[in-house]
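Below is the structure I would like to discuss, written out as structure tokens.
Should a chain be cited, it is by its letter among A, B, C and D, assigned in written order, with residues numbered from 1 in that chain.
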Amino acid sequence: MADKPLAIVAGAGPGLGAALLQKFSDEGMMAVGLTRSGGTGPHDIRACDLCDEKALRATLAPLMQKHGAPQIVVHNTAHLVIQDFLETSLDDFTACWRSMVQSAIMLGQCVLQPMVRDGGGTFIVSGATASLRGGAKFAAFASAKFALRGLTQSLARSFQPAGVHVVHTILDGIIDTPASRDLHSLDPQRMIKPDDLAAAYWALAHQPKSTWSHEVDFRPQTESF
Amino acid sequence: MADKPLAIVAGAGPGLGAALLQKFSDEGMMAVGLTRSGGTGPHDIRACDLCDEKALRATLAPLMQKHGAPQIVVHNTAHLVIQDFLETSLDDFTACWRSMVQSAIMLGQCVLQPMVRDGGGTFIVSGATASLRGGAKFAAFASAKFALRGLTQSLARSFQPAGVHVVHTILDGIIDTPASRDLHSLDPQRMIKPDDLAAAYWALAHQPKSTWSHEVDFRPQTESF
Amino acid sequence: MADKPLAIVAGAGPGLGAALLQKFSDEGMMAVGLTRSGGTGPHDIRACDLCDEKALRATLAPLMQKHGAPQIVVHNTAHLVIQDFLETSLDDFTACWRSMVQSAIMLGQCVLQPMVRDGGGTFIVSGATASLRGGAKFAAFASAKFALRGLTQSLARSFQPAGVHVVHTILDGIIDTPASRDLHSLDPQRMIKPDDLAAAYWALAHQPKSTWSHEVDFRPQTESF
Amino acid sequence: MADKPLAIVAGAGPGLGAALLQKFSDEGMMAVGLTRSGGTGPHDIRACDLCDEKALRATLAPLMQKHGAPQIVVHNTAHLVIQDFLETSLDDFTACWRSMVQSAIMLGQCVLQPMVRDGGGTFIVSGATASLRGGAKFAAFASAKFALRGLTQSLARSFQPAGVHVVHTILDGIIDTPASRDLHSLDPQRMIKPDDLAAAYWALAHQPKSTWSHEVDFRPQTESF
């Protein structure tokens, strides 16, 4: 196992996160998920507060020592707040920013230099429709997703010359999970399948150096836009 | 003075802030600037931590009681960080976000409902080139400016139907101040004149309801883009 | 009259075109409209096929000889096609492109060099929502409006260094004219008032060189976006 | 051969066009290129003026009769003009528009309805950096590329609900061909490899319906943006 290349999925919930871990494992990688509370089940999901740099380094250090710097890192955290601005507390804003932006900053600080040193890899950040449009009840969520997009652009311009491919995805649709089926009265056929998206992320992580994509949108065929 | 309409300039530094206070005063408004340390000189600049909702409400309450809700509010804070990502600390990111985003959240929470109640007004947020592009050394600054743009879009979609005009400007150039003259080896003729910009903001605050602008860029004639 | 500065409004229909001519006249300019069929009424509207460079030069030459190069030029033609793509003929596409893009090319070819020579001026192009979004039945119209936006950006980058201010507006709403009142079952209070827009264009044409705008959106307060 | 699925490459020059034909053939498709002058060599490249609907229908009809509607269509024509605006003739503008926009209109008119009828497929349009930015000497080229982007968005919104996937790519770099090696003094390692791009287009044509991309950028690792 020591030689298996490392993949990190930060924000490894039951939808896309689990599908990514499955895909990366299937492809022979040492796939490790990170969530606040850890996980049980088939995947190696470790409890780690992504906003706590010390905890994050403590979690990643032994993995990187054994497997080298990760070859794939996916940032996939989300904290959804849909609320009138006047009802949205500063805590809501802070929670969105910490969950989605601070965690990406911490993750980048921990992995990007080792990735450069070890010859590259791919750093993928999951955006959303709200990365491009600040809707009426999305002040906290869109503001954080915008911030994450700006950060990711900056990382691409900083680290691509050094060999790390940085990608920002625009997920324009609802990911099919048990929770989203409960929440949305939407035909699952009209949702993004986590396995399809995981395969797409895998492909992004294997783009040849002559054709790197920085921003890619994904939406179900039936999603109007 | 009690009947003078109120204008608030949050982030009232020596460049655009001072010019806005001058313009709003010249036009007969009660123009009040807010900065962390207050100000001396010709303008009424009060010391107020814009991130401290309680302090902000305490500063604004007597003004609003006397003058009604502000008719113009300009958010004009900035905290510039230009640094390699790996040299940029979480504190730098947090400082940018607090200075530019949290302050706008707090300001909006304090003034938007009174503005709706009192029949409208204009809420202008100053963006920058980095609101649209995350450059290599601008991770912290661009991330916060992107966030601010997403927030402002959301505010426009939330409050324009209720009568408050919300504007986001893209300032694509260097504002001519003593500090920027020192910092940049740039002919002042190639800089944005604070007085010109203040006049433009005044005009935005007076657009008729049939022709509201949401996003406007401003750059010197000589600025390439 | 010989010393009156010249303003040209290409596409001088009864809505924005007439309002611009009125505004420019009121401000003391020699305001001349150009339309395919000319016009009667209070304004000086000359018959000229904007796509016919020879005719255009013949119309403009005596005006420029008498008044110098125009200080304001507005391109404001429109040819609306809303149709399923498979029902949209090549003629529809060509008509949109000729009406909106070729006319702007011809106009630019005729006036920009004289404007540079005579010390500047402002060249304003009217865009629309469809300049930014290709909607389902808008293949011909959006394609032409996109083209016009690309052209206008290029003109800005080419001629602003030489002193001609080039502006692209995004008109996101319906302009209140007798025809649009007939066409749309929309409260006129929710439409763009031609006079308001004409005043805004006048202001754009008088922005100081330190704060030139390139792209500005205008929409009624009540327009959702 | 009758059952081989059909792929059409409109604009089948020696770079991306040839690579696409190779890739589609390798994958077992009946891959047909269309260029004005036809081609010799390993690929089936037919002479066809893409702007001549009658000729285009005459070329495509027997192919579609034998193989059914194409499952992949790539629009890949280009007509590059880099010139000062005042030196750019109307013929240059028209040539760009005809080469890149009219050809896409004609192609869409011919294939989209059959594709819908036969159950779908993918229609990919090649854009460029100039699809998003109108540079100073790119008035003709950018204007046409903008137009093509608007058209493609409209096609996506029109035909995706009916099952045809419509993609617009942003090729942000120079494609490595003998001609471009001559033209640009650029290390070929810094160019887009046609084979890599052909593989990426193949992948786009096989995205599952739950994760369709509409706009994807491709650039070499070393390309700054």
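The criterion applied here is as follows: a residue touches a chain if its C-beta (ideal position, glycine included) is under 8 Å from a C-beta of that chain, and two chains touch if they have at least 3 such contacts.
Keep in mind that what you see is a predicted model, and the values were worked out from it rather than measured.
Residue numbering at the subunit C/subunit D interface overlaps substantially, since over half of the positions present are found in both copies. Put simply, the chain farthest from subunit C by mean CA position is A.
Measuring from the averaged C-alpha position of subunit B to that of subunit C gives a distance of 32 Å. Our note on geometry: subunit B versus subunit D, Cα centroid distance of 45 Å, whole angstroms. Among all residues of subunit C, those that touch two or more other chains are 156-157.
Contact residues of subunit C toward subunit B in the complex are 156-157, 160-161, 163, 165, 173, 176, 191-193, 196-197, 199-200, 203, 207-222, 224-225.
Considering their complex, residues 53, 84-86, 90, 93-94, 97, 101-102, 105-106, 108-109, 112-113, 130, 133-139, 142-159 of subunit B touch subunit A.
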